[in-house]
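Across the two complexes that follow, chain A remains constant while its partner is chain B and subsequently chain C.
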Partner chain A sequence: MAAAGGRTLGRSSFSRATSNPVTSSYGAAGVKIGPNGAAFVSSGIPDLDRILGGGFLLGSVVMIMEDADAPHHLLLLRCFMSQGVVHKQPLLFSGAMKEPRLFLGTLPAQVSSSKEDGRHRAMGAAASSDGRANDEGLRIAWQYKKYFGDDSRAEHKDNKQEFSNDFDLRKPLERHLLNGQNIECVSIQDADSLSGLQDCCSAFLSKLPRKDAGSLTAGRIAIQSLCAPQCRYFEKDWDMVSFIRSLKAMVRSSNSVAVITFPSTVLSNSFCKRWQHLADTLLSIKAIPDEDKDLAKLLTGYQDMVGFLHVHKVAQTNSQVPVILEASTLSLKLRKRRSLVLERLNQAPVDGSSGPSSAASSSCSSQGSQLDF
Partner chain B sequence: MAEAVVRCLRDGRLDGEHAPALAVEGSLQCCPLAAGAMLHIAAAFASLVAAGKAQARGLVVVAFDRSPLVYLEFMRRRGLDTNALDRCVRILDCYSDPLGWKQKIQNQQHQGNSAKQFSTNKENITVYRSVKDVTKLMSSITELGGGFEGEGKKYFSVAVDSISSMLRHASVPSISGLLTNLRSHEQVSSIFWMIHSDLHEPKVPRAFECLSTMVACVEPALVDPVCGESPGNLSVLEQNYSKAKFIVRLKRRNGRVKHLYEDLYIEGNDIKFDSAPSVSIEVNQSLVPKAQFNLELSEKERSDRANVVLPFEHQGNGEPIRIYDGRRSLPEAQHDLSLTAPALVDEIKAPKSGTAKGEIHYFRDSDDEQPDSDEDPDDDLDI
Partner chain C sequence: MEEYGGGDLLSEAMGSAARVVVVEDCVEAPGAFVLHLLLKRALASGGAAAFLALAQPFSYYDRVLRKMGCNLSLHRRNERLHFFELLGFPGGAREGTIADSFVRLYNEIQRLVEANRAGENAGQFTVVIDDASLLEVVALGSVNDVLDFLHYCFTLTSEMNCTLVVLIHEDIYADEENMGLLLHLRYIADLVIKAAPLSTGLAADVHGQLSVVNKGTFSEQRAKAQKVWNFHFKGKENGADFFYPGTRH
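Showing the complex of A and B:
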């Protein structure tokens, strides 16, 4: 079955009946309704949203395994938090630092839409409208229509742009957006135990109950370096696991997403496995060696890469169909040194001359529909 | 000579960022060499400070493993005179009396005599007696660091030798907290420490690696394949006590990791470094599980593809059909289309006037054949 760019994620012939299947695709600001009664919020990185099948699932816990050598988990966390600020969603941030408020100063601002971005978007829209024109030319049996991804792509183009924004990592977020916002910051460095953080989280989440309508405000929790060695509760392994379990239970029954980053090398192997098992969505960052000739020969675009992102697990709700990804390792690149881009790894041509990598920002999206096999 | 590392320490911190931190990791098999590496780095750094080339004005050495005199002697042998040492190096002596026992015994023996006979307070050695109290240690270090003279901003660097000994008295979180606080302290220019990886649970040296921006591992030159611990093979032991590999991982700001390889060996009383011969670095296959072939076309390739004339009769541009028969004869106006159609799958014909880039070249096998004859070559067979 021809699917535009791997959109068979999570599709089954059973779907929970929602009241208005098409018009309420976008509920509250920044929340997208998906199949099987799932609601998504954007991760702040459009490529990651696409790869995960819509974004971060509301009610799930996303865990990111940090790499000791590379600080890229901070990039992911910053984009996630900025997206929440832009959509005016309540945010709770906690970090292993003395002054978490200072971290808010490093959040990136949205990319100012320039001519080139407009062109990219136009290219994307043109491709999708071509696809739709082809659809009308062919007569497709009605039951296959549901495999054709977001039909509402062209109609709700404006909404889609709002759901997920590109962030310019070189520009800080405007102050006024941060000031008028419901942002809480908690420091966990000097805390003897995690009960303080647990109380903060439960107070925060009790204001965001989940109802079936799915159109209430969504909240975000971001916790940075939960098991950092300088935290005083560092050696209380079981306490940390209990905290994550209770957070997971609280988040599951509320309308929010929690993103937790942790340095996995710092935990013992058995506890690292427990933490990974507790995650609904599990990502990990891997650093790449600099000036490695073998890797340069193996991959195209090696010079622009700053790291690898592995997707180990993707959350799925109300469905027995697991999410199977086409590629679980992606490369992190900074497009024009400012916005984060995820690309599939491409093997370099064997004759040694490095092949030209795709000019468009996302490798599988706009041109992908024309190269379907 | 471990230059990259010393250079990073010398350059110190940039505004608004934490100080660079180096973690030197040794193991039991090459223990003296690891200690030597630490001494070397401290001495090299101290000479840079004395010459005024470093951001820091002085170096504070927190000595747990060795007597402070060892450091001073080593530095003296490296060319630093007493003056420079007094000016630029302070040693916090946690080796002589870490828990204050000797002083307690002294005080008991000489009751009433309140003179602290134990404090051999030379100019630059301060005895520290309560290693369990990490907060007090922090304030002692910063106090010593603030005491350097010089113009400009008051920066100083810290060397901790070694964390393994500190971990006997204090917990991992408290020491990590100390290192983090030192890194973020506005007067600390750089910091480096030593830890013996095999003396602790594996997660402990990894925890300290997390806090660092550079990791230097001193690894044994030869690993005894049979058993690393029992002294079965003396020659391996001897080798490992005189030579070791010095592997540095520099974490760059863009998130990529630079690997440097050197050999270190003991020569007489001194430690020397050697740039390593070609090191075979295998491509880490686990890093790249699935790399696709890039099936996308670039702009140039796309336009080239558009220029290629396809071997169909209809080029779609309204020109009369010209079929090249491989013999450079003048193009006939019309050929039998029925003849050419089935043969097209095998023969690729190119236009005589090919466009600049998009050409398909076809060379006929032999020119003897009549063009486009529909003879079945098997007709020759007499069956």
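Showing the complex of A and C:
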């Protein structure tokens, strides 16, 4: 998908040798087939799907390291779960809370399509008038590169609406979608051990076997704050890591993806590393303080950012080559305060008085003051 | 290992006649590709191998090695490769304690090594473990059980014509308290291959750096040869490139 941007410009902002939008096809609802026998489901955040080369790989375990200060990992988890509900994929949710069912009430609804069409068309038109006119001689200033990703989105809009949706974090998901759904909720807060959850997962996954055709229903497992200190099994380090290992083995042979968030700071360094090694895809979230003047001077668009997302590892099918991303740290932004976008970080120009570059970002904090190193 | 079949920096650094090879890696620089390479070379030189796979299922290794030009399915059918799929080890069929399961596993390996030695085509036998950190998870933290098992595997290398290759994640053992397994493996190793990231992070052309320490305990010529090697690597679908820093365009 990302390579589509490269076609119009002659250079792509993110290129990955194995992915090829021409050959990818769609299996069951919400499942995209990629090369090498890979099947993806959407993470619920179109930008993240693009960065990870298609989405979350079926049969893989995604682990998200939480930030101790802010609950931004919940934004990712909610989008992931909503995407599954929208695509009618079976969902197993487990959280370190007394009533996990209540968490379902916080799932976001899809962005209403009329507004999204208008926005994409506007972006697409603006970009294409510059881009399509003269491909070869066009040199895009680095700051504007990130906007051209939207151009490809406008082209593949029809396909993308099926696979990956934007979610409006201010609107809750419609009740009727949740009611008719195959959603299982398990609380792990009062559990003495994880064997109960393991049995639930095992039963859930046994209904979703993996076949080579890849067109069967895909399932999603979402586990929130697996090693939260309030859980009774919290002291049992080896049990927890053993659970993850078993879950990974079960997920490998099933047509589903498991997303686990965990507060990495409460684990010892040694066990934190063990968890990281077990992950197929590893992400971490870092919150941004609200009024950090230094950061504001350093980055454009700082006001909109809620945090940083760092991609440590990306799952691959059957390959020993690591995925090298052009940018592994991205900023988490809420576009129009409702949908989650991921953007590459852009450093603000050192001299705050340069005109055109300040127009590109929403606000460049310094108006003439210099950066001191 | 008598021959490595590769004319690259890694085979030069490894030399020959190493009995115990320990591969260390970390989250930023995974070292499993070294295991794949060593497995391929062990099978290519006409020997047999036992692969203890705790990290991935057979289909994964099959596909990866196939891209490297080694057909694991064929070798498994010809009984040159004995694949132990241990993703769910010890699993439901477990009777007794973890130690018992390890004993059973070791007995099977020993049987294979002896059968190989007694056979007509008594080539090199290689036991590959992916990976030792997961053995600890299987043992639920009982390091003694893991050390016992590894020690028994180690005895195979001295008693019979067998080589042991073990992958371990060294960043898990960064703290002082639980370095036991890592230190033990480093001690019994003839060859330690360590994959680490570059200080500047991941790059498209260089995925990390490899340091090879060859203790040369088994070969007299080795005693005078170079002991420590440092170079860069780049993983590819069909293998890996090894080169000195700055020799890549």
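Assume the second predicted complex is superposed on the first by the 285 of 373 C-alpha atoms of A that agree within 3 Å, B and C clash if a C-alpha of one lies under 4 Å from a C-alpha of the other, contacts with A are read in each partner's own complex, and residues count from 1 in each chain.
Here is the rule we use: a residue touches a chain if its C-beta (ideal position, glycine included) is under 8 Å from a C-beta of that chain, and two chains touch if they have at least 3 such contacts.
Just so it is clear, the structure is predicted and the values come from calculations on it, not from any experiment.
Asks: Once the shared chain is lined up, is A:Asn179 touching chain B (first), chain C (second), both, or neither of them?
Replies: In the superposition, A:Asn179 touches no partner, neither chain B nor chain C.
Asks: For A:Lys273, select first, second, both or neither according to whether it touches chain B, chain C, the two together, or no partner.
Replies: In the superposition, A:Lys273 contacts chain C only.
Asks: On the A-aligned overlay, A:Val321 touches which partner chain: chain B = first, chain C = second, or both, or neither?
Replies: second
Asks: Looking at chain A, does chain C or chain B touch more of its residues?
Replies: Tallying touched residues of chain A, the top partner is B.
Asks: Which parts of chain A are touched by chain B and by chain C alike?
Replies: 268, 328
Asks: Where on chain B does chain A make contact in their complex?
Replies: Against chain A, the touching part of chain B is residues 171-174, 176-177, 179-180, 184, 201-203, 206-211, 249, 251-252, 254-259, 281-283, 287-296, 298-301.
Asks: What does chain A use to touch chain B in their complex?
Replies: 68-72, 98, 189, 228-235, 263, 265-268, 286-292, 294-295, 298-300, 306-308, 327-329, 344-347, 355-359, 363, 367, 371
Asks: What residues on chain A touch chain C, complex-wise?
Replies: 36, 237-239, 241-242, 245-246, 248-249, 252-253, 268-270, 273-274, 276-277, 282, 312-313, 317-322, 324, 328
Asks: Where on chain C does chain A make contact in their complex?
Replies: Against chain A, chain C makes touches at 26-28, 30, 32-33, 36, 56-57, 59-60, 63-64, 67, 87-88, 133-134, 137-138, 140-141, 169, 171-175, 178, 202-204, 207, 235-237.
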